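Here you go, one structure.
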Amino acid sequence: MKHTSPAYDLECLDLAKSFGGFRAVKGVSFEIPSGSFFSILGPSGCGKTTLMRMIAGFEDPTSGDIKIKGKSVLGVPPNRRNVKMVFQHLALFPMMNVYENIAYGLRCAGVGNAEIKRKVQDVLERIALPDVGEREIHQLSGGQKQRIAIARCMVLDPDVLLLDEPLGALDLKLREAMKIELKLLQHQFNTTFIYITHDQSEALVMSDNVAIMNQGIFEQIGTPQDLYHHPKTAFVAGFVGDSNRWSGTVKSADGTGGKVETDQGLSMSFSAGADQTIRDGDKVEIFVRPEFIRTVRASEADQAVTEGDNQMSGVIDSLLFNGANSRVLVRTGSGELIESDVTVTGNNDLKPGEDVRLIWSSRQAMCFARAESA
Amino acid sequence: MKHTSPAYDLECLDLAKSFGGFRAVKGVSFEIPSGSFFSILGPSGCGKTTLMRMIAGFEDPTSGDIKIKGKSVLGVPPNRRNVKMVFQHLALFPMMNVYENIAYGLRCAGVGNAEIKRKVQDVLERIALPDVGEREIHQLSGGQKQRIAIARCMVLDPDVLLLDEPLGALDLKLREAMKIELKLLQHQFNTTFIYITHDQSEALVMSDNVAIMNQGIFEQIGTPQDLYHHPKTAFVAGFVGDSNRWSGTVKSADGTGGKVETDQGLSMSFSAGADQTIRDGDKVEIFVRPEFIRTVRASEADQAVTEGDNQMSGVIDSLLFNGANSRVLVRTGSGELIESDVTVTGNNDLKPGEDVRLIWSSRQAMCFARAESA
Amino acid sequence: MMQNKDIKRLSLILLFSPFALWILLLIILPHIGMVLLSFREKVAPRVYEYSFANYLDFINEPIYWNTLLRTGSMSLLVTALALLIGFPIAYYIAKIAGPRARGGLFLLCLIPLWVSDLIRSFGWILLLRETGVISNFLLWTGLVGQPVEFLYNDIAVIIGLVYTVILFMIVPLVSTLDGMDNSMIEAGYNLGGSGFTVLRRIIIPYAMPGIVAGCIVTFMLTAGSYLTPILLGGKNSSWFTEQIYNQFITRFNWEGGAAFGMLLLIFTSVVIWLGLKLSGQTLANTVAKS
Amino acid sequence: MLAQKNSSPFLMGYRLYVVAFFIFLAAPLISAGAFAFNDSLFPALPWQGFTLDWFFSDTEPKLGMFHDRRLLQGLYYSFVIAIFVAALSVFVGTTNAFLFVRGEFPGKNFFYILMVVPLVIPGVILGISILVLASDTANYMENRFDLELEFLRPGLLLVVFGQFSFITTITSLVITARLKKFDATMEEAAFNLGASRVRVLRTVTLPFLRPAMIAAGIVAFLVSFENFNTTLFLVGSEAPLTITMYDRMAKVGSTPVLNAVSFVLMVGSGLLALLSIAIQRDKTSQ
Amino acid sequence: ETLRLLTWGSYAPDELVQKFEEEYPDIDVEVTFSNNEEMIAKLRATGGAGFDLAQPSHDRIYAAQLEYDIYKPLDLSKIDTGAMEAKLLDGVKANTTIEGEVYAVPHQWGTSGLMADKTKAPDLSSWADLCDPAYKGKTSMRLKRTILLGTAFSMGEDPFAAYADLEKYQGILDKVADKLIECKDNIKAYWKGGDDLSAMMLSGEIVASETWDSTAYKLYDQNQNIVFVPPKEGALAWIDTFALPRKGKADDAAYKWINFVLRPENVTIMSGSTGAIAAVKGGTDLLPEDKKAAVNAAFTAADIDNLKFFANIPPGVEDMEGKTLEKIKAATGG
């Protein structure tokens, strides 16, 4: 790890935080290149907010170091760090109008009135809301508030912008729209964004790099596609994207692939997950994504191009129609339900009750040695 | 319309409701066959809740009739109707424990204690929470509360169960899980469910039939697939599923298909939406779903099977990676962004900046005459 | 902001001192002083001794404890009436009146607070007396043949007290009922409950903290009121605060007055403690919330 | 809801009851106010005709309130007392709110209950106990050190303290409720934007609390203005209006001038109440 | 400089106050209305501070001074004692001299007695008549020591004589209490101040009552049928005095006020307000005309001879009486 290179806007070195006896963050190290969009994705309670609050200066790390633009900020109070933060519920000041909200930080910094006016107007234009300065906060829509919260930070030209689940409070449709918008804003300002979320689709769609966090540690850092296609741990495989998941025992293996029998008695071939070595007799977890399973009618199965080296028969239990994201639940001989994505066009579609064959390639069956736990 | 057939659990006949001068529901008719899962899907404020409250008896219709099991219930007070309701925020009684919440309706009906005990235990088992009877409401998780709210109604054996956006308050992951669970519970109890939502994926995944509601009227009633693939109005086409949407003018048409030029100058062939007749010179709206647009590299376009009769060149503006639901935004010559679904496998994927060709069939370009509005 | 633990300590101390000064100097010390005083007995002019004489006096004199019991029971009655009369009003304001009417009605409820006890009682005297407005009105309508005296009896006292305190019943009730989701009531009906069932099993249990808060404040205000029972009361109505006043002012017996004060405080505290126990509430989640 | 059908007889009856209730509430005030305009020496029926003398006349026997020195003086003292009580109790109410919402210290619940208690102590007892302590202390100082601590004798200061002792509970509860609604991340946001601790308090937290502080101040003012029970024991020679009026009624004899005062007080309090409503309905609490 | 008066309602009419302030522009007069009990209670709480001049009745000074030390001796040389009716002055001096120091001089005197509407209760003549069933529900009294004493006289006792023997006095009080409890039935309400009594009397709600003479005179103004009736046992006479609180800070102003109100032209104004007779030579003649008429309607010379002046209250009596009054109030006789 390069520790002092100023090419990184932010570096965390073995950062840890305990609350009393409880270790919320357990030694996390990473660095973020200038101008990139970095997400931290993890389940609720894994320590994301704690990590972010340490960066912003609201919590003191128990150990480790934080460097911004190469300089350690330990001991620097939050109002002295050039790291700005967008809060989950935005924390816009309701007693000030939009203009005053954005001007707040500049006033704190002692910037002159004319300069403030110019800067605020400028940032309002950059977020495409040039005319809302005089509005009160409660007169804004959810998406507008979002953008004002970002503008309020960006007008200060921060080294790093922290965003803690900023879309959490928005409704579904708006959240979809804001995802794309946020990414565009980050391009606009060309500032390093650190984005916290527990919603994988937000992290995948927006980020240059994503860290998957679990129980206080980073399980994996990588590009979205890396994480999705080459997860390094069972946790990452299960957390990022949907998966069919089995536990099983390896019957024969050559280290990177082989045969496995699930606890329910299904037999299938697999390839080892990234960086994994799998041996005969290992207890493993196998993940197969629904979109990599093809579902064909039993009657048409023989004609189908059977490029998959795993095949299984079953009966369609139900069809979860959801337009382009439709899915079938297939009940196999052993009674298990397997999810598989299907395209429903309205012509000759699969229906519940039909006998089908599920086909997938061993390359898509990712396998991880099971962590031994009680 | 058959008015008195007892095969229907619920019939609404030309039901309308005005608040003062404002017409919230404007004459809605439908009937729901016994034991089916019926959803009402529409944007916020379209009158869904008002409709449901009339069925439950909390509002008196301004005109029209409501029949339950063939009998009109106009004038029957809400506590006399065998229609139970799951409220958006569930409205579990915080001062009673789970057992008492479920027993409440039975006590109101004067059922004996032993019988109540049996029934409550039975319904708790059916929702797979046999041991929570003694818990207080605040000790339950969101999903558990959801199920208790349903159990509290189902223990009374209602003719119809009404659910008003019951998943609205839950978080993302839980909402996904509850969708499937709700459908299974409906199978379990085999009772007619009427489900209100503004989230299309909920309506599509769970329902036997969906009514699309807009500004107090039903635009279309049909199976999810019907609505998705054969929308009857531009509103339905736009509201159900994602779409690229253009306004344009018909250049040549034979009534069911033809050529259209969009206001931005794109030219494409289309087929008329269900029940639509399109004539030369009509102002129309055209919808094409992202999953029906194939994106191929310009260099490979010629080799590609060009079954689509619409083609267009463009440059990939950005890739929204989201696992199986990834999408590209393609900027066309006229500067517009078109969304197209792509599969990202990790090998040889499309990247921003590549020249691509978009291909789609005229059969997938649905066209609706534009409603003339100011 | 953990780095400055000292600042945190300091600000805690700074915040605590006004509170401590207030409670210590104006509440705790005066009450200790009163307790001490109540244990003093005057044996001769300017000569005092510690003893239980003042309390024994109370126990030995039925007039005193009768008055205390009378004050207590009338206060309970007033509290119950205020609840009965006030609950439907609070419910109307919180649940039935439209959102715009709500604010107006709530404001109207506060009207009695605009003027002092004295003026309120004064108003009632003008209304209730034999030659007052109501009596004259009844005469005028012919409902009665001769003037009727409504003043100077226990009923007048109760009317006056209910009037004075009902506001303190309604305010916490409105605020708890306001917090109640309407769909809770609708769910009660939807599941088959009658109006009465919904009231008994859902609305009242839900409103319990508000009911208890209202009752506590109402009861305390009633038991501690002075002007209303004095001015409206008849020849038989004595009120315990009046006796305290008499001890202090008419009889110059501060020691006895202090003892009576303590007794009133203890008595009302016990009633409230019982009320809290019976309703399963605590002071913190009722009065403190209102 | 309890009353579904807009036209049901039940709802009609209910409405009637509500109307009757508000008549009940208004009746004594209206009668107290109305007799201010009765052209008679006694606030009683029969109606002798309309007059404004009880407000503006400057001659006995119908000396109007605006020419009645003693009433005006009482009004003045009431004002002075109420202003001090309101200011003090809002200040301590605010520190209490911070103490109990933000502070973490042992016995917090106990102290919180202690904070609520003054509200339920009968006013008479508060007055007496403070009087006793103050007098005893003053007597002790006098006998022991020959030190005359006049401020411990009945007078304006003791009245202010007596009222302050329970009104502070009210203001504390009002302001605490508001502070509880305050999203503490707002302060963190302000820090994050570079504000100092003091600036955060001045520009974010206090402005958020302001409506509650003003409302609490108005309530404190009104309660102080109308207080009788506690004041009775602590008042010295500078009697506030309620005491003056009581003395007038009980010791001199009431004339409609008391009704006139009542009328003016009602109008004043009504305006204050409206003001407080207007403030409550500010932009931050929507 | 402020002169803080602690006095009876109407003992400081605005007219006089203004006149005084005109004469002494550097003195502001501040008036607190009170009654005997409250005056003592107040001064006790303040240790004699807070006021510069108090006006308790002559019988309420001695014990209070002994017990609470709330007054300071008067400097008689600063008071125009020559103007005072010698008999009253000597009486007050006798009552209020402690260790050779005089603590009070007289100001106004008057009586407590009965009042009746001649047309409706023509025969009322004794304290006991208030309990006459003929007036059931139409009489009133103030539940204070006056009615105890009056009733005692009407029962043939001499309570003032019994002050020397408190046990005996207690016996009398017990008897009186029984009588008054029995009488409760007859009473409409106990009046508490001049105001409610006036209202009840004028409106005809009651026809007879125990009263201060001054109140009766005022009502006589309004309705010539309402007259003061000196009871045949003798009206009880009180003398309100001037006394200086121990920590008064404006003694000079207080003396100025005393001398000021003793001036004949001011006496008339004062008496017009109080309805009582000034303790100056020829006090009755200085009454305003209407009051003079009322007094003449009420008193014969024999009545005046029959007056019973309140005797000094020894320590402890007030407590005994207070308890008796409470007993009466609490008893459910009606």
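Remarks
Chains: A, B, C, D and E, in written order; residue numbering restarts at 1 for each.
Criterion: a residue touches a chain if its C-beta (ideal position, glycine included) is under 8 Å from a C-beta of that chain, and two chains touch if they have at least 3 such contacts.
Quick caveat: nothing in here was measured; it's all calculated off a predicted structure.
Annotation: C-D is the more contact-rich of the chain pairs C-E and C-D, by number of C-beta pairs in contact. Of all the chains, the one whose CA centre sits at the greatest distance from that of subunit A is E.
Overlaying subunit A onto subunit B using CA atoms gives a rotation of 180 degrees, to the nearest 5. Note on chain placement: the centre of subunit C and the centre of subunit D lie 16 Å apart, centres being C-alpha means. Rounded to whole angstrom units, the spacing between the C-alpha centres of subunit B and subunit E is 89.
Centroids of subunit D and subunit E (each the mean of its C-alpha atoms) stand 36 Å apart. Subunit A and subunit D have Cα centroids separated by 56 Å. The set of subunit B residues touching two or more other chains comprises 58, 77-78. Multi-chain contact residues, meaning those touching two or more other chains, occur in subunit C at positions 1, 129, 131, 186, 248. Within subunit D, residues 1, 44, 191, 233, 249, 254 each touch two or more of the remaining chains. Here subunit B touches subunit A in the complex through residues 172, 180, 183, 199-201, 204-205, 224-225, 228-230, 240-242, 289-291, 318, 320-325, 329, 341, 343-346, 349, going by the rule given at the top.
Interface residues of subunit A, counted against subunit D in their complex, comprise 56-58, 77-80, 83-85, 87-89, 91-95, 104-105, 108-109, 136-138, 152-153, 156. Interface residues of subunit D, counted against subunit C in their complex, comprise 1-3, 11, 14, 17-18, 21-22, 24-32, 35, 43-45, 91-92, 95-96, 98-99, 102-103, 105, 109, 111-126, 128-130, 132-133, 136, 161-162, 164-165, 168, 173, 191, 197, 222-223, 225-229, 232-233, 242, 245-246, 249, 254, 258-259, 262, 265-266, 269-270, 273-274, 277. Across the interface of their complex, subunit D is touched by residues 1, 7, 12, 14-16, 18-19, 22-23, 26-27, 29-31, 33-34, 37, 85, 88-89, 91-92, 95-96, 103, 105, 107-124, 126-127, 129, 131-133, 136, 163, 182, 185-186, 195, 198-199, 203, 216-217, 220-221, 223-227, 241, 244-245, 248, 254, 257-258, 261, 264-265, 268, 272, 283-284, 287-288, 290 of subunit C. On subunit C, the positions that touch subunit B within their shared complex are 181, 183-184, 186-194, 197, 201-202, 205-206, 208.
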